[in-house]
Amino acid sequence: MDSKRYQAGQARLNELDPGAEQHLKDTFQAICPELADFIISFPFGEVLSREGLDFKTRELATISALTAMGNCQPQLASHIKGALHIGCQPQQIVEVILQMAVYAGFPAAINGMTVAKTVFQESGIIPTELSG
Amino acid sequence: MDSKRYQAGQARLNELDPGAEQHLKDTFQAICPELADFIISFPFGEVLSREGLDFKTRELATISALTAMGNCQPQLASHIKGALHIGCQPQQIVEVILQMAVYAGFPAAINGMTVAKTVFQESGIIPTELSG
Amino acid sequence: MDSKRYQAGQARLNELDPGAEQHLKDTFQAICPELADFIISFPFGEVLSREGLDFKTRELATISALTAMGNCQPQLASHIKGALHIGCQPQQIVEVILQMAVYAGFPAAINGMTVAKTVFQESGIIPTELSG
Amino acid sequence: MDSKRYQAGQARLNELDPGAEQHLKDTFQAICPELADFIISFPFGEVLSREGLDFKTRELATISALTAMGNCQPQLASHIKGALHIGCQPQQIVEVILQMAVYAGFPAAINGMTVAKTVFQESGIIPTELSG
Amino acid sequence: MDSKRYQAGQARLNELDPGAEQHLKDTFQAICPELADFIISFPFGEVLSREGLDFKTRELATISALTAMGNCQPQLASHIKGALHIGCQPQQIVEVILQMAVYAGFPAAINGMTVAKTVFQESGIIPTELSG
Amino acid sequence: MDSKRYQAGQARLNELDPGAEQHLKDTFQAICPELADFIISFPFGEVLSREGLDFKTRELATISALTAMGNCQPQLASHIKGALHIGCQPQQIVEVILQMAVYAGFPAAINGMTVAKTVFQESGIIPTELSG
């Protein structure tokens, strides 16, 4: 797995989240280690590292799709964190999620915004509430 | 329906597709004219005309979500046309759709690319095939 | 298949569409005749014929769900026709579909309304357009 | 935001859940206050307050769609509570959810019924289990 | 409910999970006891007990669909447990879930694999992690 | 693109449908030739050619998922044809699709069976109807 694709994927994933490669490997080691290899080699190594669209716009497009699909909240949280890490503005992320009220309905937008709120609180972008 | 929201929506929709407002009105006139009013006033007048994210990125985010959802092909075609009309590069559109192979699966990406191919052919961006 | 459940289903389906039983049988005869039997016995014979909710509201709930799911347009058309046949008002059907703009997004509502428009035209509720 | 639409939405939302407006404002205040405004003005102020379909049937249609979509459980719980609050019978809600086994599959109906069970327990409609 | 269909369903369900019938009855007793009857009589009694496809392949097909749909995680866990119980190999289950990366996207496969990991840990197929 | 992965994918795809590689290349040549490369290298070269699950069961699992997702009918038709080509029995395909009535609802099963019916007619497995 030290192929060129894997190395390109490592580099791309590392930009989003420096600890993600090890976390993926640890998570799936006992059940399906190839899943971590595939994630790094194909999405990150072959797709997200392509030219033709800048990485920030790629992440906003991913946040849009995951909000609309509405059943991938762990991945949505990771990509919101990653988007912030590569320099997307919080307001851009909020706008993309809000826009999904139009295309996927208000529940999708509300649930996406709730994920973003948690990530923004953990990142110190907005204050954490005292309770509940 | 000459409210400020409606006028903002008219202007925004007009940027994407100058004939769309009349087409929407004609389409739903006999069954539910308020649907056309709502589309113009809320998505276009209140959401897509917001600041905080440029219009081109908004359209790429919409193309991403509609490709991932996979059941809105008329709207996907309209937004691809609109994205080209406001200056998105064809390659950016292709990249967003291709990226959905990762997040929504290959069938979603293939079906989205097929819609884009038809729009690109109609727009003269790529040549029309002789048959089939 | 002359069981009590099947007979209850026949009666219920017949209320919605007098030709539907034969059409279902013909459609799936060569590939899977049990599918027609199941549709008549379980959905119509056991679920839609239950007490506790009137048939008109059941049909409006089905139209709502099929519009929101967005990938069942033949079934949506059948249930709109059936709903009209048992006495749902066209305006009630329009309202349920329009409401899905809120919960499933505007594309779902637009595509559902387009199905309803065709059914309403075929039923003479709204005039057929001369072209396009 | 003291527009006529917002006021109509406040009134409609207040019928379903007297505390919801403040809860929505508090929830999204730090990240996107416009989301609460939009929810009150558009879904509640412009759609759910329309004539042509009674509010109880609107809520049953929403419960149907959210059960079928299967990825909006917080919203499903809120609308079940709201439906009870405006006078829908528990049995009507149960029937709509059960019916989704037909249109969206048994997992969707089971997961929707599980949400309803929790709401019904909290509302004292059915007894709370001692454990598990 | 001592019909032939119900008895066939009992037998089939019992093969997957000997405690499931009582659990289903207990779960829905207070809100909708017919849901448990329907689950046993129709899916288990009429569909999953059919000839023409062996039970192991049926369970792998169900695991595939539930992974792809992505919003039925309790049912996915139950069917993974059941598949192991009737003799599906852990590797077959892993392969079906991994394959969904292709058809439904990586988030669906990752979330399905996470469910399988928990079931495999509970079943002693893979070791439980010490933390996190 | 003459890598080992691509060659493995060519071989696997060729088993399902000998003309598919050229068709894929022709279809996306003008808009995104990498999409054809990706389809051959990743799904066919890396996933569907893995050991641990036989190819027939893989195809039945794909037919199951595509039927349940309900928005990928071109891909469903291709995989039904491919499954027949590698020796899946027509009855196995019918059973998998019928089973989706349970997990994804009757509309998904009906629409999937309609796709299978067309493929079976084209393949001479069942007779073509004279009309309609």
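Letters A, B, C, D, E and F mark the chains in the order given here, with residues in each chain numbered from 1 onward.
Please note the rule applied: contacts are C-beta pairs under 8 Å (C-beta built on N, C-alpha and C of every residue); 3 or more make two chains touch, one makes a residue touch a chain.
Protein names from UniProt, one per chain: A, B, C, D, E, F = Carboxymuconolactone decarboxylase family protein.
Keep in mind it's a predicted model, so treat the numbers as computed, not measured.
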I need the common contact partners of chain C and chain D, sorted by label. A, B, E, F
Farthest-lying chain, centroid of Cα atoms versus that of chain B: E
Same or different interface residues for chain A and chain E, judged by whether over half of the residue numbers are used by both? different
Comparing A-D with D-F, the one with more C-beta contacts is A-D
What is the distance in Å between the mean C-alpha positions of chain A and chain C? 39
Per the centroid of Cα atoms for each chain, what is the distance between chain E and chain F, given in Å? 24
Roughly how many whole angstrom separate the Cα centroids of chain D and chain E? 29
Chain B: positions in contact with at least two other chains: 38, 42-43, 47, 66, 68-72, 75, 94, 98, 100-104, 106-108
Chain F contacts chain D in the complex at 68, 100-108
Of all residues in chain D, those that touch chain B in their complex: 38, 42, 46-47
Chain B contacts chain A in the complex at 42-43, 47-48, 50, 52-53, 57-58, 60-69, 72, 75, 89, 91-92, 94-96, 98-104
List of chain B residues in touch with chain C within their complex: 27-28, 30-32, 34-35, 38-39, 43, 66, 69-72, 74-75
Give the list of chain E residues in touch with chain A in this complex. 69-71, 94, 97-98, 101, 106-111, 113-114, 116-117, 120, 126-127, 129
